[in-house]
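This is the structure I have questions about; it appears just below.
As written, the chain order gives the labels A, B, C and D, with residue 1 at the start of each chain.
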Amino acid sequence: MIAVGIIGVTGYTGQELLKILLRHPNVSVEHLSSRSIRKEVPLGSILPSFRNRSDLTIHPFDWKKATAVCDLLFLALPHGVSMKLASGILRSGKEIAVIDLSGDFRLASAPLFKRAYGKNHANPALLKQSIYGLSEWSRKKLPAARLVANPGCYPTAVLLGLGPLAAAGLLQKEGLVVDAKSGVTGAGKSVKEELLFSEVNEDLKAYRVDNHQHTPEIEQTLRRIAGRPVKLTFVPHLVPMNRGIYATIYAPLKKRLTGEQLRRIYQKRYAGEPFIRLLPEKVWPNIKAVSGTNFCEIGLQADHQGKRAIIISAIDNLVKGAAGQAVQNMNLLYGFPETAGLLPEADGG
Amino acid sequence: MIAVGIIGVTGYTGQELLKILLRHPNVSVEHLSSRSIRKEVPLGSILPSFRNRSDLTIHPFDWKKATAVCDLLFLALPHGVSMKLASGILRSGKEIAVIDLSGDFRLASAPLFKRAYGKNHANPALLKQSIYGLSEWSRKKLPAARLVANPGCYPTAVLLGLGPLAAAGLLQKEGLVVDAKSGVTGAGKSVKEELLFSEVNEDLKAYRVDNHQHTPEIEQTLRRIAGRPVKLTFVPHLVPMNRGIYATIYAPLKKRLTGEQLRRIYQKRYAGEPFIRLLPEKVWPNIKAVSGTNFCEIGLQADHQGKRAIIISAIDNLVKGAAGQAVQNMNLLYGFPETAGLLPEADGG
Amino acid sequence: MIAVGIIGVTGYTGQELLKILLRHPNVSVEHLSSRSIRKEVPLGSILPSFRNRSDLTIHPFDWKKATAVCDLLFLALPHGVSMKLASGILRSGKEIAVIDLSGDFRLASAPLFKRAYGKNHANPALLKQSIYGLSEWSRKKLPAARLVANPGCYPTAVLLGLGPLAAAGLLQKEGLVVDAKSGVTGAGKSVKEELLFSEVNEDLKAYRVDNHQHTPEIEQTLRRIAGRPVKLTFVPHLVPMNRGIYATIYAPLKKRLTGEQLRRIYQKRYAGEPFIRLLPEKVWPNIKAVSGTNFCEIGLQADHQGKRAIIISAIDNLVKGAAGQAVQNMNLLYGFPETAGLLPEADGG
Amino acid sequence: MIAVGIIGVTGYTGQELLKILLRHPNVSVEHLSSRSIRKEVPLGSILPSFRNRSDLTIHPFDWKKATAVCDLLFLALPHGVSMKLASGILRSGKEIAVIDLSGDFRLASAPLFKRAYGKNHANPALLKQSIYGLSEWSRKKLPAARLVANPGCYPTAVLLGLGPLAAAGLLQKEGLVVDAKSGVTGAGKSVKEELLFSEVNEDLKAYRVDNHQHTPEIEQTLRRIAGRPVKLTFVPHLVPMNRGIYATIYAPLKKRLTGEQLRRIYQKRYAGEPFIRLLPEKVWPNIKAVSGTNFCEIGLQADHQGKRAIIISAIDNLVKGAAGQAVQNMNLLYGFPETAGLLPEADGG
């Protein structure tokens, strides 16, 4: 049993984390905080869905207090905040781990960070220490991690969908296209006109076309998996639904493959993975099948033009794309069962 | 042909007004302005749905410029702004009319205004001059109006639904309940966390329970129509859809009426009304049937408890509840055909 | 540990039941069936969100097979089916209990059933044996039950909202109005034109105005709680969201009460109730706060017209309004902790 | 002034057609029919949004009656019906034209039809006579047409987006990818479980992956425009919104082009087009900007991988993708102003 805390519990990701951690058999939630409050308040007074469910309180932001009482801190903060915090926490003198859910520690170098996020990194040294936590592809490194960079929601969907092909050396260097669709919680709780119900509802649009900050994160990890550079055209779209990432991937192959051959590559790589659902032929993922879960569904087929694969990957952006994967990474880090807290039916009675 | 202008064209009501006025056979749109821009810009650069449709520009807010070129100004501004503007416009020395779509001139007295809106009225004298423009019930007074107070969206739906009963002297003084449901554009384009897509979608809630600023407006007008005071319990709800007001009215009657008798009262009062659709027995309004139109649908029935009527009234909050009714009022003010611009099929070729 | 089965697992209620039962510490799911399949299939092949989560299969409908392997059967079937099944199950010779989620056993007499559902009851004798399972108000009777009639979603919300007032003898006999709003899963998975996305989305409408089959169920139970008849005007509305019942109740009182007095009545009656959230003054329920949970939120206030209460009650129609309450009833029937399976965080590790 | 009729007025496309035709200055609607009724009924009794707006009636299906009173018939029927009707109408002995909105006359040959729709064509001879009515690319042929095959909604969006590139000979033969997103009315009013609100809402999924019946229609027309075969990978997705087609096109180019060069090609081809909105650099289409209009918005950019264009095209599937384009084609066929009925503000007073 470890003591955990969430810094930034009132955002959508923070709330989802709390929901999972409260039912996790191996942890005790000892600290919650939010930058938007000035004094300690009962959890349910701010987050109505937790009324009557817990005696926890939310504290005003104070990382030292959090550090003092926890073995592990989840940072669920907007980009640009964690990079100023993490160093203090990690050097606090006590044995503590950090799982950061922002983009601050995902990229390998300061220049790459600047290119993606348009600002200087506050602590480039930490970029070297952080472990990128794409659970299914980082399993060996996680037990030793003290700072985990939890992947972005788009990268999680895309990389799980492309990993086996990249690892098999079958992905062409050029021509890869990913057309991604996201529910609105993917944008966090930002109060902007363009995210108002009356703007988003009955609308659909592409944004940051071929220019999204997650593109370098995807390319960096694909390169690690493939062992060589892969270029990506990435176009994200905002869809009028609360949750979900749906990535439709058009992948040029080094050689012609049948759908069957393709599927076998994935079956082999993902055999035994508790959270990967490889779908049978002609069955395609849908958001509802993964919504509220830590599963990633993958469907695939050889394109009739030949020498190309169509791969579709779907996740819940707040679970497998954020809070759920963060808990999965915690489980791997501490040697808990990988599904603990994430498959209620498996935690048993 | 008259020259008209819209002050506040970028809000949802302003856009809807423009859409209607551009196809109106008797007006020429000569001025558009917005408080949110600093220099003149092409219409389509701010309001994408007007791209390629018009050479109009939007000016920064300047009521004198607007007054100089228009015979009639529509003020589509948040509450509290028009009351500071109207006097200057009306005293500009030229023959000009104002149709105000905010709540600033709807209530008959400054104390009532203060009770409803929580602030002092900037120009109580004008409250006496303004004509309340509930078209179907204000038809005689409108031709002489120079300042029209366009009704709120909730009051329009409720008053059209209750008017015939009140006028017939059948409404009991106490016990009237109105349960109203509104689409999200009813709140305007306010950038607030509670109006974000990810908050509103898949949610439903009551707000300002028995305490909404439209309650005094409804009670004041019911009193005029009935010739005596009527008390109202009014509970509005926010519903995850863009448009529509749906008012379910539970009205205690002075005497027991059959559904047939009830319907006859309404048929008589609303015979020939171009925008009132009285529905047959057991048929109830729905939002889609009025969406994008200036119609109000009314369904009714005697309650099985007896001595009570159930009346349901539905409108599009941006059309009959705002911009459409404003144009209907303009038509009445200038003696244009009442449906001009509001029933495209009737304007002919 | 008891063995349970779900007959009718592919409907929305059946799926929700399964989700809860799989994580319940005291039960083992031993049988699932559906009337829409012809041969046994893996659970995940029909219900994608259960892929990779369970080795269970779905059987073609066969109540004898179900009865043979289970201690308790949940019947999640359309109205009119259970009343033909229950007798056979209960007389099978083995000790078995049935929790029926349809309307078949909720009304106390065959004539009342006919009035509500428009058809004759197939087994009036069983109506006498069934226990109406409004958990918070049926706690004493449930341990002895063999046939539980799980309440309808509207009745659950309305009765939990009105119970304390009725029990305190404060409800007037006449004038009670309930305006209810329901998400679309409330209609089940019926394939009808009026339930298509393109019909429901951006629409809102009342239906079965003052004529819904749940009205007798509410009146019957109110009468039991109040000890005298209470009349009800009930108007349900269909709202474009997936889940939720939101009941806005306008209740005439026998004597004038302040909001504070009103709240105290509820606090006293509901103290210690694990699934009732009584909200503080001026805070009103919203669907999201209860969505996916077994909670019922209640907000209340004295109406400014006096001698009337405004009470708002919100539940998730599939959980507290169906599957969740069914499990709560099972917990009460078998003496399991009342929250088992329903508050994952409470089931611990 | 011509007399027109709509066969199949109760579907979404039929209703939209009627809405446009009722305000069209050059036509008189003389006949409406539906296959779902058995006797003549007032328009508003079936289509509530037309209540109070018209004295028209809907007739039971009877093509001879329709032919007798009309100069032009719009067939708004499911695929497979028009091909049995058109011949009779066209050979009726009177001068009459047909605009068919189904897929029945869009493909050039019976084998191609069979491949796309999986059944034999009932009247292959007519395939030769029909004119494919992609207005902006068929303008010369339409005046002589007697049978117009109105394009599908996906093909309209994709072909308007790709046309200039294909015509300029810049499109590579292979590697073209179109990822398309559709609102739910794109599926018509089919009463299927998968189109229920509670299924579609909060979901997203791909369907007919690389296997949609519109793919041959797109390839056939691209070939005509380009003068040589072009292969296409086409993946459509169903999105929880009522209206709209959003096509994100990834087009490999024969030579490297800058965004500026790309834009110039489109500006040249589409200069003066009343319904094409070519967006400036870094501005991308959104559904709301075209919803309810006959506009097609196009945004474009050179892909940073080089030698590829990203083109996004958005239309309202029921207007430019069906009814609006059908009226535009009628305007071209009869020499009416091309925007008549389609830009209310341009039809003037």
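Just a few scattered comments:
Going forward, a residue touches a chain if its C-beta (ideal position, glycine included) is under 8 Å from a C-beta of that chain, and two chains touch if they have at least 3 such contacts.
Predicted, not measured: the structure shown is a model, and the values here were computed from it.
For the pairs B-C and B-D, the larger set of C-beta contacts lies at B-C.
Taking the CA centroid of subunit C as reference, the farthest chain centroid is that of D. If you average the Cα atoms of subunit B and of subunit D, the two centres end up 36 Å apart. Once the centre of each chain is set as its mean CA position, subunit A and subunit B turn out to be 46 Å apart. One simple way to say how far apart two chains are is to compare their mean CA positions; for subunit B and subunit C this gives 40 Å.
Contacts with at least two other chains are made by residues 199, 201-202, 240-242, 286, 288, 291 of subunit D.
Of all residues in subunit C, only 12, 183-185, 187, 189, 191-193, 195-202, 240-242 touch subunit D in the complex they form.
Contact residues on subunit A toward subunit D in their complex (touch as defined above): 174-175, 177, 179, 181, 199, 201-207, 209-210, 231, 233, 235, 237, 239-244, 246, 248, 250, 252, 284-288, 291, 299, 301, 303-305, 308, 310, 312, 314. The residues of subunit B lying in touch with subunit D in their complex are 22-26, 48-49, 51-54, 202, 274-275, 277, 286, 288-293, 295, 297, 343-345, 347-349.
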